[in-house]
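Look at the two complexes coming up: chain A is in both, with chain B in one and chain C in the other.
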Partner chain A sequence: MSEARKEEVPNIIFEARSITKVFGGLVAVNAVDFYIPQGGIVSLIGPNGAGKTTFFNMVSGLLRPTAGSFFFLGQDVTRLVPHRRAQMGIGRTFQNIRLFGTMSALDNVLTGMHVRLRGGIVGSILGTPGVRREEKEARERAADLLKFVGLRSRETFAKNLPYGDQRRLEIARALASEPKLLLLDEPTAGMNPQETARLTQLIGRLKEEYGISVLLIEHEMRVVMSISDWVTVLDHGEKISEGAPAQVRVDPKVIEAYLGTAMTG
Partner chain B sequence: MATTQELKSRGAVLLDDVRSSSWQSRIAVVITVALLVLLLIQAIKDPGQFFSQLLVGITNGAIIALIALGYTLVYGIIELINFAHGDNFMIGSFVGLTVLSGTFLGLSFFAPITAESGAVLKIFGVILALVIAMVVCGLINVGIERVAYKPLRNSPRLAVLITAIGMSFILQNLGLIWKGASQIPFPDLISDDNVLAGITYTVFYRWKDLFVILVTMPLLVGLSYFIQRTKQGKAMRAVAQDKEAAAMMGINVNRTISITFLLGGILAGASGVMFGLFNGTTVFNLGFRQGLFAFTAAVLGGIGNLTGAVLGGLVIGVIGSMNDQYIGVRWTDIVIFTVLILVLVFRPRGLLGDRSAVQGGGQQ
Partner chain C sequence: MPVGLILLALVLPLINGALGADLMFPVIVVAIYVMLALGLNIVVGFAGLLDLGFVAFYALGAYVVGWFASTHFNEVSFAFLSALPAQGVSGRELPGIHISFWLLLLVAGAFTALWGIIIGAPTLRLRGDYLAIVTLGFGEIIPRFFVNGDNIFGYNLTNGTIGIKGIDPPGLPFLPNSLNTWRQFGTLDLDPWYYTILILVLVTIFVNIRLRDSRLGRAWVAVREDEAAAAAMGVNTTTTKLWAYALGAVFGGLAGAFYGAFIKSIFPTSFSFNISVLVLCMVILGGMGNIYGVILGAILLQGINFYLLPEVNGWVHAIGDALESPLLSNADIPKYNYFLFGILLVMMMLLRPEGVIPNRQRREELHEGEEDESVVEPTHV
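Showing the complex of A and B:
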């Protein structure tokens, strides 16, 4: 089934080959094959403890897989440290918001631009005209990004923003690094229905306006089903199902995994 | 502009604060007020002496503040008290001394710069000594981090702390081997004459004091610009708050930590040379006492907070000099550490609160 799909979409931006992660005696992720097509929105779902976030952390480089390898833009990135992956174009947000709390919203976004600014250490100390112009442009672009995610307060400290705004600011910060692949870890967690709807729309626009591929972890099934091109289901670290949203929704294995969890836990 | 109503409500708040305060804090306030009144009486009795002493205190404070910044920068970013920092400061003064003597490893590069040298040569010598000491100390600090702290980054914090104390001893003993155990005189390059001669003769402000301020101010302004405004500075603040999130922004965390140590070392080197020129002497265990004062200053202001470190340095400098004048030199250490204890009892996070400035510049 997945082989057939591979032929349909020749442009694969990210690929995971039999990724395994073992913590002590616990197999958190077991031999997962996985890929993301160029410009696609792929969702990773599964009950709590299925290994979604572990997988995510391995994609972004915060964890090293025990076995298997990752390819990004055709290059083996398995042993690359997080900041090198970010430089290559992998951006992410966190499940529990991790903004730089005592920096303004604008500064958070500017920090996200770090990799795309050239100004070296000497230039920044001397404040050369080139560096100054770049800083000015960066500020304008940061303001644009804040507008794009719909954030009005620029100078407020990130920690003082309302919850929904913090989530959106995290996305703006990730976008600032001009990612080709954006990893969103439960972006709608804790949001009310209106906020969720707005954010879903925003994720759709990422793909249309910036051509960014998205890997999404999400619990809110309405979001997953409405925007994903492809859904992969993990349970106990194993891939139990994948396919188009409509297919996955009726897969007996998926239903069993979710209901099984609901009954025991 | 505060209206009368606002003033009234502020007064009411103050009264409430007093009512709800503990008897300890009331005593502390009474003692502080009493001391300030005593100082004020002295200031009125002999304003010249008072202001001279105040200026001396600020100068001493500036030197302490520069060292304190090194402690606070490193604490802000990896939550480590870098005990080797004070000894790095001592190395800075030794490097400065070596540069001024013009000889290194038995090789003579130029004639020693002494009090008899011409003004241009003196200025050149001082600048050269400052720059070389800053570079050397910066690199030493980076090296220490690479060799001793980085391998232990994920170990319990106590392990790194002990390593820092070990590095402190290593540097101290290197200093002992290098220049011996006795006090070493610094060439007297900067005049002891009064800057204000011709304007006023009651306040005495030496060129030496002015020199310290002239070196410190640009360093402080530069540091603050670097941290608040530049890309690297933002990276530093980001790493201080969340290393993983920072890495996901493409920030090289290890390099950012190295830059932090470099900055701390640069400041230590500058203050080492200044201390030597200002006090006219240096010794291998200088870093212990000065480092302790600087560490105290950093804690007093709120460790991790850059503005706090400068404020703490100035407070300690001024308290020290006032105490030297009006109470007695031998009480100075006791008074300074008593003040530290009192501040920590009533404001456990220091005068300005910890970590806020490295992370983004105070409350909002």
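Showing the complex of A and C:
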């Protein structure tokens, strides 16, 4: 099945080759092969403890895989530290929101822009025209991004924002680094149905308006099924199924993983 | 920047003269500490790296001036733009290295920045208590090196506990003789010294403000708040922290260089652990991360040292004389300054942990959810 897909989509932006992660004696992720096509929305699903977030943290570089390698834009990035991957164009959000709590919403987004700004120390101290212009443009762009994700309060401290706004601010902050691949870790966790619907729409727009590829971890099946181009299912660290949303939905192995073995043998 | 305060600072020597007061010496010392506190504020306040060894940079800055503007290296005779009296026949024949103080300021800044990186590098993976202990160690190692540096494989580098004496004054030798005070930076009229340190302090404040609002300043706060998230946003946490150490050290070094030239004799014992703690107290008391708070903290603590304690001492003696109590009339209140600072710090931590003029962010961190949670969890701190 996966061979067929490779032929269909020749432009692969990100690829994982037999990634394994062992914590002590526990195999959290076991020899997972995986790829994300250019401009695609790929979802990673699975029951709790399936190794999704571990896999995710390896993609963004916070964890090193025990074995296997990652390729981003054709380059081996397995040994690159997180900030180098961010520079290359991998942006992420966190499952448990990790904003810079006592920075304003705008400053959070500006921090996200860190890798795209050039302003050096001497330039900042002297206030050279170049740095001033860059800062001004960055502020405008940050304000635009806040508007794009639908956030009105700019000066509020991130931690004082309502929950849904914090989730959106995380996306704005990740977008600020101009990622080519955006990793969203349960972006709709804890959201009500309206907020979820709005966010789903937003993720769709990322792909259409910015051409950003998305890797999504999500529990809300309605979201997964409606926006994913491709779904990969992990269970106990192993890839048990992958395919188009409609295929995965009816895969007996997936149903078993989520609901347990059918009682009626 | 509040223009009024700057104007006041500019005319202070005139006020001092008019009042016939003897304020200039303490004011200059306070200004040195303002610089130290602002330097430490970059490390502790902005980047959130607890540093208990800041005195190391103060010492290094002072020794740079001690080495290169005194007769210490008397086996050579070298002078460069030195302000030593050119009219003296033997002026150019002096033993030792004599380099212009203004040049040495730059050297001291660069030298201490380098040491900031050298000391900062091994601590990059450490946080909180562990970081504090390691920096404490470095703060002890450097004065210890100056104590024992009088015999490094037979070479006298630091002159040990005897210290380096007779450090050249800054001076502006190109000025006409009519401006002799400024030509020579004498010990009688302290105005040139005062204006020099005032300019240094103003530059320090300016640089602090610019850094706080810069790309690097945001990265410092991001690293302080959540290092992993900062890294995922593309912030190089290693260089970000090293810059904090290096830039903080620069101001410590500049303050030390000025101190060395001003006080003219430096000893390893002048750079004790007490100074690291005192400067840290200034930062915490004034309001970590808030530039004006930190300045106020420095002025308050040194003000207590120089003005309040001797004053209180007088009162206590007067009371003691009136009551005919030898215990009170012979009391030496200024001796208890660190005891009082300790009490002050404990009280501040209990009553107003964010400092006198808090940083908006720090206040939020310390009073997180107090309004909502205090009812539910009254013991939660």
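Everything below uses one rule, namely that the second predicted complex is superposed on the first by the 260 of 265 C-alpha atoms of A that agree within 3 Å, B and C clash if a C-alpha of one lies under 4 Å from a C-alpha of the other, contacts with A are read in each partner's own complex, and residues count from 1 in each chain.
Here is the rule we use: contacts are C-beta pairs under 8 Å (C-beta built on N, C-alpha and C of every residue); 3 or more make two chains touch, one makes a residue touch a chain.
Nothing here was measured: the structure is a model prediction, and the numbers come from that model.
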item: Clash or fit (per the criteria above) of chain B with chain C on chain A; value: clash
item: Touching partner for A:K52 - first (chain B), second (chain C), both, neither; value: neither
item: First, second, both or neither for A:L62, with chain B first and chain C second; value: both
item: Contacts of A:K21 with chain B and chain C, given as first, second, both or neither; value: neither
item: Residues on chain A lying within both footprints (that of chain B and that of chain C); value: 60-62, 81-83, 86-87, 91-92, 94, 98-103, 107, 110-112, 114-115, 117, 119, 121, 124-125, 127, 131, 135, 157, 173-174, 176-177
item: In the complex with chain A, residue positions of chain B that touch it; value: 222, 225-226, 229-235, 237-238, 241-242, 244-253, 259, 356, 359-361, 364
item: In the complex with chain C, residue positions of chain A that touch it; value: 60-62, 81-83, 86-87, 91-92, 94, 98-103, 107, 110-112, 114-115, 117, 119, 121, 124-127, 131, 135, 157, 159, 173-174, 176-177
item: Chain A residues touching chain B - in the complex, by the definition given at the top; value: 60-62, 81-83, 86-87, 91-92, 94, 98-104, 107, 110-112, 114-115, 117, 119, 121, 124-125, 127, 131, 135, 156-157, 160, 173-174, 176-177
item: Residues on chain C engaged by chain A in the complex (per definition of touch); value: 206-207, 210-211, 213-219, 221-222, 225-226, 228-237, 243, 247, 360-362, 364-365, 368
